[in-house]
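A, B, C and D are the chain letters, set down in written order, and residue numbers restart from 1 in every chain.
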Amino acid sequence: MAEINLLEAIRQGIDEMMAHDPGVFILGEDVGKRGGVFRVTEGLMDKYGAQRVIDSPLAESVIVGACIGAALNDTRPIAEIQFADFIHPAFNQIVSEAARMRYRSNGDWGVPLVIRAPYGGGIHGALYHSQSIEAFFAHVPGLKVVAPSTPYDAKGLIKSAIEDPDPVLFLEHKKTYRLIKGQVPDHDYRVPIGKAEVKRPGDDITLIAYGLMLHFCLEAAQVLAGDGVSVEVLDLRSLRPLDTEAILGSVRKTGKALVVHEDNLTGGFGGEISALISEHAFEHLDGPVMRLAGPDVPAMPFAKPLEDAFMPSPEKIVAALRKLAAY
Amino acid sequence: MAEINLLEAIRQGIDEMMAHDPGVFILGEDVGKRGGVFRVTEGLMDKYGAQRVIDSPLAESVIVGACIGAALNDTRPIAEIQFADFIHPAFNQIVSEAARMRYRSNGDWGVPLVIRAPYGGGIHGALYHSQSIEAFFAHVPGLKVVAPSTPYDAKGLIKSAIEDPDPVLFLEHKKTYRLIKGQVPDHDYRVPIGKAEVKRPGDDITLIAYGLMLHFCLEAAQVLAGDGVSVEVLDLRSLRPLDTEAILGSVRKTGKALVVHEDNLTGGFGGEISALISEHAFEHLDGPVMRLAGPDVPAMPFAKPLEDAFMPSPEKIVAALRKLAAY
Amino acid sequence: MTLSDHISYALVDEQDELSSDTLREMYRYMLLARALDERMWLLNRAGKAPFVISCQGHEAAQVGAAFALQRGKDFTLPYYRGLATVLVMGMTPLEVMLGVFARAADPSSGGRQMPAHYGSRRLKIVTQSSPVGTQIAHAAGIGLAEKIRGGDAVAWTSFGEGTSSQGDFHEALNLAAVHNLPVIFQCENNEYAISVPQRMQMAVTSVADRGPAYGMPGISVDGTDVLATYEVTRRAVERARRGDGPTLIEARVVRMTAHSSDDNDRTYRPSSELQALKQHDPVARFRGYLREHGILDEVQERELREQIGHAVNEATEQAERAPMADPETLLEHVFAG
Amino acid sequence: MTLSDHISYALVDEQDELSSDTLREMYRYMLLARALDERMWLLNRAGKAPFVISCQGHEAAQVGAAFALQRGKDFTLPYYRGLATVLVMGMTPLEVMLGVFARAADPSSGGRQMPAHYGSRRLKIVTQSSPVGTQIAHAAGIGLAEKIRGGDAVAWTSFGEGTSSQGDFHEALNLAAVHNLPVIFQCENNEYAISVPQRMQMAVTSVADRGPAYGMPGISVDGTDVLATYEVTRRAVERARRGDGPTLIEARVVRMTAHSSDDNDRTYRPSSELQALKQHDPVARFRGYLREHGILDEVQERELREQIGHAVNEATEQAERAPMADPETLLEHVFAG
């Protein structure tokens, strides 16, 4: 067991998979000599060579598109999108191609591809280096979407993602990279895609989140404990496939739910979770399913006061929880 | 008053705006001599010239991107995307650019742009000529999304869209083009963006839809009337801005709601509507908010039995309504 | 007996001088593609095939190119006009017809996709979508993987000249050039993208002009000449296998039909042009060549046509009788397992 | 008094032979850009400016080009290295510094965007985003609208050589060429895209090679030579105004700093290369030229530097004192009205 941060956990997971399978390779901007702008791939080019850690041209559509082709030719590509904000030029390749090849070929062809994308804000990244993109992609059948919040989960999930026979969008919250540390076992392990985890058990309210927000939720739950309210914090970890049973099971127990995400409220993934709960756990509800999310503005501004105003925070979560507890 | 189909209504609306404002022009694939693959722009090139009805190269990103630029230079472009399925290469231009220019320039620049996109299935269009794309775009702050279901609304909304100072994604359900006919007044009029309309009043259940599904809902409501159940059918018409008050007002009255869309269920726009209702009308609910939608498969197959299995139908809506009525 | 039994795999190799047998075999594929294509239109007009899209006029470009590839080894990523391509690569008339009728046994998609969206993992024909140009990037990626894995297979992809306007064309050719990938980009230039003529699509006269801009050879060839297309492709394949990198080939062809069965090209093509199309028929041209050079006599021609007619009939009948997919299968194959 | 008061708008016109006044004015803009840029780095190191991205090494390319444009008439769509561009087009040091400090009065974005995302409707500097290359399409569209409306303004856009790999570059240049649009595409080639060297970005030696592939002139110019860049741009502007269409200009420049304040280029640039950078300093080069030709003497130079130093100080102080945006404004300007 060693304590490492989330970034190191991802790097370790990739490193171990590359050591184990010569078909695993990385394609992305600045992933080679520079080791990625966040240093996730640092040292990997030295270790595995420029043939397997490839600095791509500045062109996201072909980063993903070429990785799709490579996946069809018996390799296990990892495409790095430098910032999640810059995944949009590759939207067509992801949605129309990667996610559909298995279905459209009636199971003949599959695309074992991982797309890594650092997302999220609170890092002074402004409108185009802070975005949450999960709602766009968690809507796409044929694509898996994961968003770990701890080093343990990150390492276990990146390994599962690389082994997965289908395309996985692997979302890494930038602010958690160095902020979140945790124990990671020395032995080989996996965290399964599609399984949520209760990160803090509780009885009165179910609090649902992923990524950075999970940590804010844990802080808020701690505060509510002081109020005598027992909050269960559920870490989704995977958004697609979504662990519906874990969500419904918890809400059936607590009777109340708050979903938190950083992404814009309207049309965000919180709507799906809320809809699932009210459709399948209606009789267990003691109050409205509530959502706390980024406001409906195009993105997160640079100026600190505006960025702060955008971000959900432990304080805002506490306020929402108190409102729900009082319901 | 004349009875015309939905396609003709859109063409009329565009034609009248082009006659009135020399800054209105059309850019898209096959929009000129061919008059569009669906014939929406038929005759407009003869009338307004090849300078204002422009056959673009086969490149969606620059169709939208160039229209953005043109909008910044004092014109009113209409970008035609041949099939909504092919809007994805332009995703970056729409989401990162058109929708954000006003916000990111702190109100200095605006993008008066209309993007027309024929969407939806049931027309034997298979995986890539049948898609519903509204969930992707209705999540984007800074973008307006409309989806009319009748010729009257279509004409009134396309004119509002062309006059709007901000980007509007104008979704035209392909199956309604020639199928849906209706009275359209001879005089100049507008339908405001952001306003839903009750297309059939009722007391027991609120049935919410748009586009083709609205018509299936009207059929289903008629059947339920025979059961003695009074269904109110709400046509959203605009998905963004969403007429939250109309939705909540109806549900507060009926106490039950079913949302129908053709797009895939998970992460679809129905989730947003459901979440809004359970958050803001919880105390009025007499049953779970339900959703009926396309299944979670990458898209709608070509083979008729599979296409039929995918499509929501009046029968499926009737079954869901009966279930909800019995709750 | 289906026609595929006649296919001599050995014929598809890299020899320089093509034997008479090979030349006749090339012709047979062109005839077969034409016959299947014409049958599809008949089925469409008869209300039995809701959608048809043609390779008529592209046969020489496709057969010539495909004969320079190695079946079972090289990857092909054809576009929707690639009927002749997939036939040479091993798809049978029955398999094609199962797609036309969207039957459950359609090897490309089980009837999920529109006809002409070919694919077969066994034959290394990569599953194809409708959004144009995406496959160009996949071809580059297949080449990249081949390089990483140390193999010497080639990825061959085709697309129209309209599609060369897509960003994916640019990004993929650039990547392939930077890494010297074993990829052949065949642009089948028929001068129209549905109704949009080439002069509204680009300000250059040849798509091949773009090769050098990426640092790769750009070669324009008369794509109605099967032997010329074969020869330029053969050289490109050699180059790619040697590790010398990609080639862009523009095959100048004609689109002898409307864009698809949903189109009416009389609304945008001058009638003089429509009338002149037959003069560029690649099948007639190659027949002329073979007759002139004494490689094909009337008897052989008649036999070939009979054989093909029979095969097309049989494939059509068998495919028509085949069952549609069970609606229950709608939810299958979203993910593996 | 701010520096902008000194700007003589008349100097920015289309004359062939540049007067000594104009040459000194060009130099002044280069010096000013450099001084502001250096100040930003100081502010960054002092913890006052969280993010800085430089135009150092690009000044000549930008000033030369911008002097060929007409302020208030032509549109510019610069990228994040466009500090010298926006200064010539009329942005003041104070306005720039308000952006560096992300203040409410920042004319580009009110502090919403990162610094160096310039924009001003008044000055026809189009609001810019971070995803690279999107502005190339906007420039084509501005040219298209200009053609439709019958005007003779020009759209000028800049981007790096890395960005030329994006699909939007291809699609936009192609459209501009097909319609002969009045657009100038300036690629500022500094041989790096963050850490990725040109040879990993493209297999050609010059981005200008791509012009002819679209049917437009592609011109490579020494972008550390302000007069050379001015001259090629002047000709491109003339061509565009005449209705003869777009031009692609590659300005060969050097990136004298790390990519941005978040980067460390010693991890990927050989130290010999880092040391050699100063030899290509466009500001020093132009000073040498002016001194050699007796256009600028030591006294004038000192005065100029003092003036600029004063202006930069004043702009910095004023900007630093300016208020941040009120959090209440977060929700404003999503839509008009």
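Everything below uses one rule, namely that contacts are C-beta pairs under 8 Å (C-beta built on N, C-alpha and C of every residue); 3 or more make two chains touch, one makes a residue touch a chain.
Source: prediction; values computed, not measured.
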item	value
Distance-maximising chain from chain A - centres being C-alpha averages	C
Winner on C-beta contact pairs when A-D is weighed against A-C	A-C
Distance between chain centroids, defined by C-alpha means - chain A, chain B (Å)	30
Inter-centroid spacing, chain D versus chain C (mean Cα positions, whole Å)	47
Inter-chain centre distance, chain A versus chain D - centres from mean C-alpha coordinates, in Å	37
Chain A and chain C, separation of their C-alpha mean positions in angstrom	41
Residues within chain D bordering two or more other chains	109-110, 112-113, 129, 131, 165-168, 171, 174, 178, 200-202, 334
Set of chain B residues in contact with two or more other chains	56-57, 59, 61, 85, 88-89, 92, 96, 100, 103-104, 127-128, 141-142, 296-298
Residues of chain D that touch chain B when the two form their complex	75, 106-110, 112-113, 117, 119-121, 126-127, 129, 131, 134, 136-149, 155, 167-168, 171-172, 174-175, 178-179, 332-337
Complex interface listing, chain C residues touching chain D	165-171, 174, 177-178, 180, 199-204, 209-210, 212-216
Chain B to chain A touching residues, read off their complex	61, 85, 88-89, 91-92, 95-96, 99-100, 103-104, 127-128, 135-136, 138-142, 240, 242, 264, 266-280, 282, 285, 287-291, 296-299
Complex contact set, residues of chain B against chain D	23, 25, 27, 51-52, 54, 56-57, 59, 61-62, 64-75, 77, 89, 92-93, 96-97, 100-110, 141-142, 144, 165-166
In the complex, chain B residues that touch chain C	29-30, 32-35, 37, 55-59, 61, 85-86, 88-89, 124-129, 295-298, 301-306, 308-310
